[in-house]
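As structure tokens, here come the structures.
Presented sequentially are two complexes of subunit A, the first with subunit B as partner and the second with subunit C.
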Partner chain A sequence: MKKIIVACGGAVATSTLAAEKIRELCQREGIAADVQQCRIPEIPSRASEVDLIVTTARVDADYGKPTLHGIAFVSGIGEEALEEKILAVLR
Partner chain B sequence: MDILQYIVNLGPSVMLPLVIFIIGLLLRQGFGKSLTSGLTIGVGFIGIGLVIGLLTDNLGPAAKDMAERFGIGLSVVDVGWPGTAPMAWASSMGLIAIPIAIGVNLLMLLTKMTKVVNVDIWNIWHMAFTGIIVQLATDSFIWGIVGVAVHAAIAYKLGDMFRPVTENYFQLEGVAIPHGTSAYMGVFAAPIDDLIEKIPGVRRLNLTTKTLQDRAGVLGQPVVVGTILGFAIGLLAGYPFDESIQLAIKMGAVILLMPMVVKLIMQGLMPIANAARTTLQRRFKNSNYSIGLDPALVLGDPQVVAAALLFIPFTLLIALIVPGNVVLPFGDLATIGFFVAMAVGVHRGSLVRTLISGFVIMFITIWVSSQMVGLQTELAQQTNLLNNAHQVGSLDQGGSPITYLLANGASGQVSLGFVAIAVLYIAAFVYTYVKYRRGTLYRVPAPAPAEVKA
Partner chain C sequence: MITLVPDLIYRRARFADRNELFHRVAEDLLAGGYVKESWADALSAREAAYPTGLPVPGGVAIPHTDASHVLKDALVVVTLDKPIEFGEMGAAAGSTLSVETVFVLVVADPSGHVKFLSKTIRAIQDRAFIENLASAETAEDIQAAVTAKLAA
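On to the complex of A and B.
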């Protein structure tokens, strides 16, 4: 089981969009994944227990875990490239 | 008509699932997916009702006791945007606002009045809120619709205006952030930035934020913010230690649970959001356009994070000095960064300047939200989200000059405060607009300023 957190400013709008897309992607590719949402400031306290961090906001911090910028899921531009990156981390 | 009224009377937690289910079917999302979306939005409303109940039932009386003990007026709890957005969605303007906002966007795109292609359906709640508040103030459905349309037009224009900031400072290529408190309060930042440029001493002041974040990072965690605030208010209300600590944990729970339940409303709206996004993007694909997205995208910027941290205590202090204020900031504190995010960009990341313009932004927001308590309470009552509270308010959108000016302007309630807000807001807006037209809104960073360690 892969653990993924998806973070944005308020843990509501953009992270829900991105989380939903990642859930669909994992289902399609047959990857068992637990996708959860949180706010950006909550990442550091949860980073140790996850396999992948996706943020819809731009963050420069290094959380010691693979971190991807998930804006493509929100804007719809470059979605496939991002999906490839996510799969590369999860596989 | 009787049947319609019967359905409306069942309340938003029944009516919205039904509407979303039918829209899902119309958008060919399939029976199963439409049903789940509908039910999910219903669950979201039940959930937010429970959490707001927990908030107002516990913090409400404590805020009142505190207000009485110290003779300060902060007795109305701020339910924040997580409490306010559901009210907007559940109101009679809720779902109608989506086609209106998209219609206004299309009209402006076709007449070349904007380049923002807004694909962010969630934040249409801001426009729906303005609409329903105008409707309540004027008793006219038509005025409500006008309110939605005018707010939408202003929002898209704000997206255009701040595009140099979103592209240059936040480095979001091809993205506009037209929504919410970030954009509409951001107009105060430009005139204040120019004013600071004229003051020799303040001009060069700066703060480094890395140390601040490392040291105080845990204090920015929403659950910690809620718990500390709950405990402090308990003590100030004269509660004994045991009751204060109980209030503390409950308020930590409220702040953490709020986005979790509001998320379900967003999930329920996803079929509509996806359909709108696909259609709009197919039609306006050119690189000339910018995609209108949620301000949440800029809340990860380190300077915005630092500002958000500072503005938690700062906002509480401002609430104490705003004349006649009755609103106790709470629900919006965990995401107070939304209010100053665009200002951070306009100030090119300068924290000192953000503190100055943020003071003005929060002062005006709190004053306006205090004026809007009456109308917002009426809305909460109408949407079954008032629970046992006597009154509720919110900073996010309850404190918006746009909503306030449109509602009181349309109903003819022109006071001295109204004139003051109108003059300040319109002047700041025009100032920012002129700078945008001249291409001087975002200045290229000056050579490294002298640093004062935080």
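On to the complex of A and C.
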């Protein structure tokens, strides 16, 4: 089981959408994944337990885990490229 | 599904900047019992820290803030007479883009509205839909177009 956290500023809109898209992607690709949402400031305390971090806001910090920008899920621009990057981390 | 009410549709509105827009929307949301008094400051702080402008055709922003400041769900739709600068989501600090349409997401329980949120965000990626809102002649036309789009 892969653990993924999806973070945005308020854990309201953008991370809700990105989490949903990642769940769909994992299901489609047959990857067992636990996708949870959180706020950006909560990432450091949770990073150790996850395989992948996806953020929908800009973060410059290095959490010591693969971190991808999930903006493409919100803007619709570059969505497939982002899906490929996610799969590359999870496989 | 969150019902769109005419009171929360602003057609070809004129605002000097996003603060003026936020102020007006916050006043109306507070008067309508949708948000707590703390919502306005929380919205401004959230937008400053995590900007919501998206580089979709026409430029669309989706300002929103923590659910704890929200009492009742609402969707606010604003089409602008003159574009306003918003920070760009996920871009380098200080980078801005021109926004012509604003969807303010007022959601008390995000987990209960996954479908609504994803439909709204998919809708703003649709150039024809955004152009349709910009050219709408009445608030009712905007209401009908958004309602149909989110129900689709």
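Operating definition for what follows: the second predicted complex is superposed on the first by the 91 of 91 C-alpha atoms of A that agree within 3 Å, B and C clash if a C-alpha of one lies under 4 Å from a C-alpha of the other, contacts with A are read in each partner's own complex, and residues count from 1 in each chain.
Operating definition for what follows: contacts are C-beta pairs under 8 Å (C-beta built on N, C-alpha and C of every residue); 3 or more make two chains touch, one makes a residue touch a chain.
Computed from a predicted model, the values in this text were never measured in an experiment.
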**OP:** Kindly classify A:61 by the partners it touches after superposition: subunit B alone (first), subunit C alone (second), both, or neither?
**Re:** first
Original post:
What is the contact status of A:45 with respect to subunit B (first) and subunit C (second): first, second, both, or neither?
Top reply: first
Original post:
Which partner, once the models are overlaid, touches more of subunit A's residues, subunit C or subunit B?
Top reply: B
Original post:
Who does A:31 touch here: subunit B (first), subunit C (second), both, or neither?
Top reply: neither
Original post:
Of the partners subunit B and subunit C, which touch A:9 in the superposed model: first, second, both, neither?
Top reply: both
Original post:
In the superposed arrangement, does A:20 touch subunit B (first), subunit C (second), both or neither?
Top reply: both
Subject >> subunit A positions touched by subunit B in one structure and by subunit C in the second >> reply: 8-14, 16-17, 20, 40, 55-58, 71, 74-77
**OP:** Report the residues of subunit A in contact with subunit C in the complex, numbered from low to high.
**Re:** 8-14, 16-17, 20-21, 40, 55-58, 69, 71, 74-77
Original post:
For the complex, which residues does subunit B have touching subunit A?
Top reply: 81-82, 119-120, 122-123, 170-172, 174-175, 217-218, 220-222, 259-260, 262-263, 266-267, 270, 273, 277-278, 281, 291, 293-302, 305, 308, 334-335, 337-338
Original post:
So in the complex, which bits of subunit C are touching subunit A?
Top reply: 46, 49-50, 52, 54-56, 62, 64-67, 89-93, 105, 107, 110-111, 113-114, 117-118, 120-122, 125
Original post:
Where on subunit A does subunit B make contact in their complex?
Top reply: 7-17, 20, 37, 39-42, 44-45, 55-61, 71, 74-77
